[in-house]
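Next come two complexes built around subunit A: one with subunit B, the other with subunit C.
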Partner chain A sequence: MAFFHSLQNSAFTDWFLGSDSIWTYPTVLTLHTVGMAILVGASLVINLRILQVAGAIPLQRLQPLYRFVWIGFAVNLSSGLVLFVTEAADRVVDPVFYVKICSIVAALSFGMVVKRNAIDRSDRQPAASARSRFLAAASLALWAVAIVSGRLMAYLKN
Partner chain B sequence: MNISRRVALAIIGVALATGSLAAHHSFAMFDMEKNVEYSGLITEWKWQNPHVHFNVLVKPGASVAPNTVGTWDVEGGSINIMSRQGWTRASYKIGDPIRLVGHPMKDGSKGISLFYAIRPDGSRLYHDIARPKDDVKK
Partner chain C sequence: MAEFAAWVESTAISKALFGMSWLWPLCESLHFIGLCMLIGGAGLLDLRLMGMFRGLPIRHVKALMPWGIAGFIINAITGALFLTMQPHLYLTSGVWWSKVAFIVIAGANALFFETRLALPALAMDPNADTSSGMKLVGALSLFSWFAVLYCGRMLPYLGTGN
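Right, the complex of A and B next:
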């Protein structure tokens, strides 16, 4: 716990949160939003297609979208780490933060299982299995939980 | 398939069980229609994003409304929003006296949403672009 307090009370946090520049907190927070749009947007398209929305599009064609999943994830992991450091001690005791992180890990994991089972094998097996469809639906629900809990953190904090 | 279904349901269940969410801090908790004046000393000064925060200690006295006595957590806007109204990091520091008008918490706890500070010359430093209906261009 002392470690998280030292992060939150560090010179970096003082500089980052106290800077008058638009390029510090406002920019990183904006990047976190843009990264979320890229990551969840691409995931939404993939999962909806698995659930037979726009069923005429071959599953194989979804493959390039995973590049956006990882670009969005990289942007949000890095911007999220910076935002976490500045309120580390508050976040590690915040149940909503854990809901958000667990939802993201689960949604991404389900997305990878769907990729392996439905998309990478779509040349042999053109339709997604019931299991893949279930995981896609769960992934969609988990992204929604992640976004809502992320937003709630700002309103439910001490 | 059954195992993955069970794992998925368990994770969703955990995700939805948000547990005890005891603390609240949003603008909905402030009574924005109520303007209360407080006079005290700055005991903590946090010039930071996303919200500037400072604490004000109001001591009891003959001219002090008893319901304003205590240490109040005052919440402002972002650095950019307040800077545009003339605030700076150096507007106040710990130990400075301050007069301010704010919106108290609806539940009576010691939190205030800053409306404006009144400087010694009577001019006002507003939190954001909101102005009172009786604004006389101070």
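Right, the complex of A and C next:
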């Protein structure tokens, strides 16, 4: 706990949150939103296709979208770490923060199972299984939970 | 504009909506979800027009458009609610008007695609390279939607706002 307090009360936090420059907090916050749009936008397309939206698109053709999933995730993991450091002590005791992190981990894991079972094998098995469809729907719902809990964290700040 | 904002703020509907403390965070959450639907639904078509995902027929990609449009509608409704609740924050902000300008650009660009380029695009051999006009339309669409996102997210920090 002392460690998280030292992060939150560090000189870095003071500079990052106190600076008048738009290049500190506002830019990192905006990057976090850009990353979200890329990560969740690409995941949405893949999962919708698994659920038979735009069903004429061959599943294999969606492979390049995973590049966007990972780019968006990398942007948000790094911007998220910076944002976490500046609020570390508040966040480690914030249940909404854990809801957000758990839903992201679960949404990504489900997405990876869908990739392995439906997308990577689509040359042999062109239609997604009922299990893949369930996981795709669950992944979409979890992304929504992650977004809503992320937004609510701003309101439940101490 | 400040007078108009003051009038909106004085209306019973503005006061009633702003009085519901849960409405603002709910609208923000929906605004973010709508944003992902818009970028996801429209983004794949934009990338395809820019020449990526070669081999994927454009008419198959267009089947995702209703999701992009639904995202836009969600954001227009929640955006109108923000505007009704806190008109000063937006109407007197140059950043907000820039956001509106980028929405107009994105809309005009989409209209240009639908009226001028959609038929040749749908008829194209999926393996052929897209025309430079299509590449430009796809790139402008992506650029303007991300500019809309940037203006919206940076609104409280850029300029004075209110």
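The criterion applied here is as follows: the second predicted complex is superposed on the first by the 158 of 158 C-alpha atoms of A that agree within 3 Å, B and C clash if a C-alpha of one lies under 4 Å from a C-alpha of the other, contacts with A are read in each partner's own complex, and residues count from 1 in each chain.
Assume a contact is a pair of C-beta atoms (placed from the backbone, for glycine too) under 8 Å apart; a residue touches a chain by one contact, two chains touch by 3 or more.
As the structure is a prediction and not an experimental result, all values here were calculated from the model.
In the superposition on chain A, A:Val53 makes contact with subunit C only, while subunit B stays out of contact range. When the shared chain is aligned, subunit B and subunit C each come close enough to touch A:Tyr155.
By the touch criterion defined above, A:Arg116 lies against neither subunit B nor subunit C after alignment on the C-alpha atoms of chain A. In the superposed model, A:Ile22 makes contact with both subunit B and subunit C.
Look at A:Ala42: by the touch rule set out above, it reaches subunit C but stays clear of subunit B.
By the touch criterion defined above, A:Thr33 lies against subunit C but remains apart from subunit B after alignment on the C-alpha atoms of chain A.
When the two structures are aligned on the shared chain, A:Leu142 is found in touch with subunit B, with no touch to subunit C.
When both complexes are aligned on chain A by C-alpha atoms, subunit A residues 22, 25-26, 29, 154-155 touch subunit B in the first and subunit C in the second. Residues of subunit A that touch subunit B in their complex: 14, 17-20, 22, 24-26, 29, 95-96, 99, 102-103, 106, 110, 113, 130-131, 134-135, 138, 141-142, 145, 149, 154-158.
Interface residues of subunit C, counted against subunit A in their complex, comprise 25, 28-29, 32-33, 35-37, 39-41, 43-44, 52-53, 55-57, 59-61, 63-64, 67, 146, 149-150, 153-154, 156-158. Listed in rising order, the residues of subunit A touching subunit C in the complex are 22, 25-26, 29-30, 33-34, 36-38, 40-45, 48, 53-58, 61, 64-65, 143-144, 147-148, 150-152, 154-155. Put simply, subunit B touches subunit A in their complex at residues 1, 4-5, 8, 11-12, 14-16, 18-21, 23-26, 47-50, 78-80, 83, 89.
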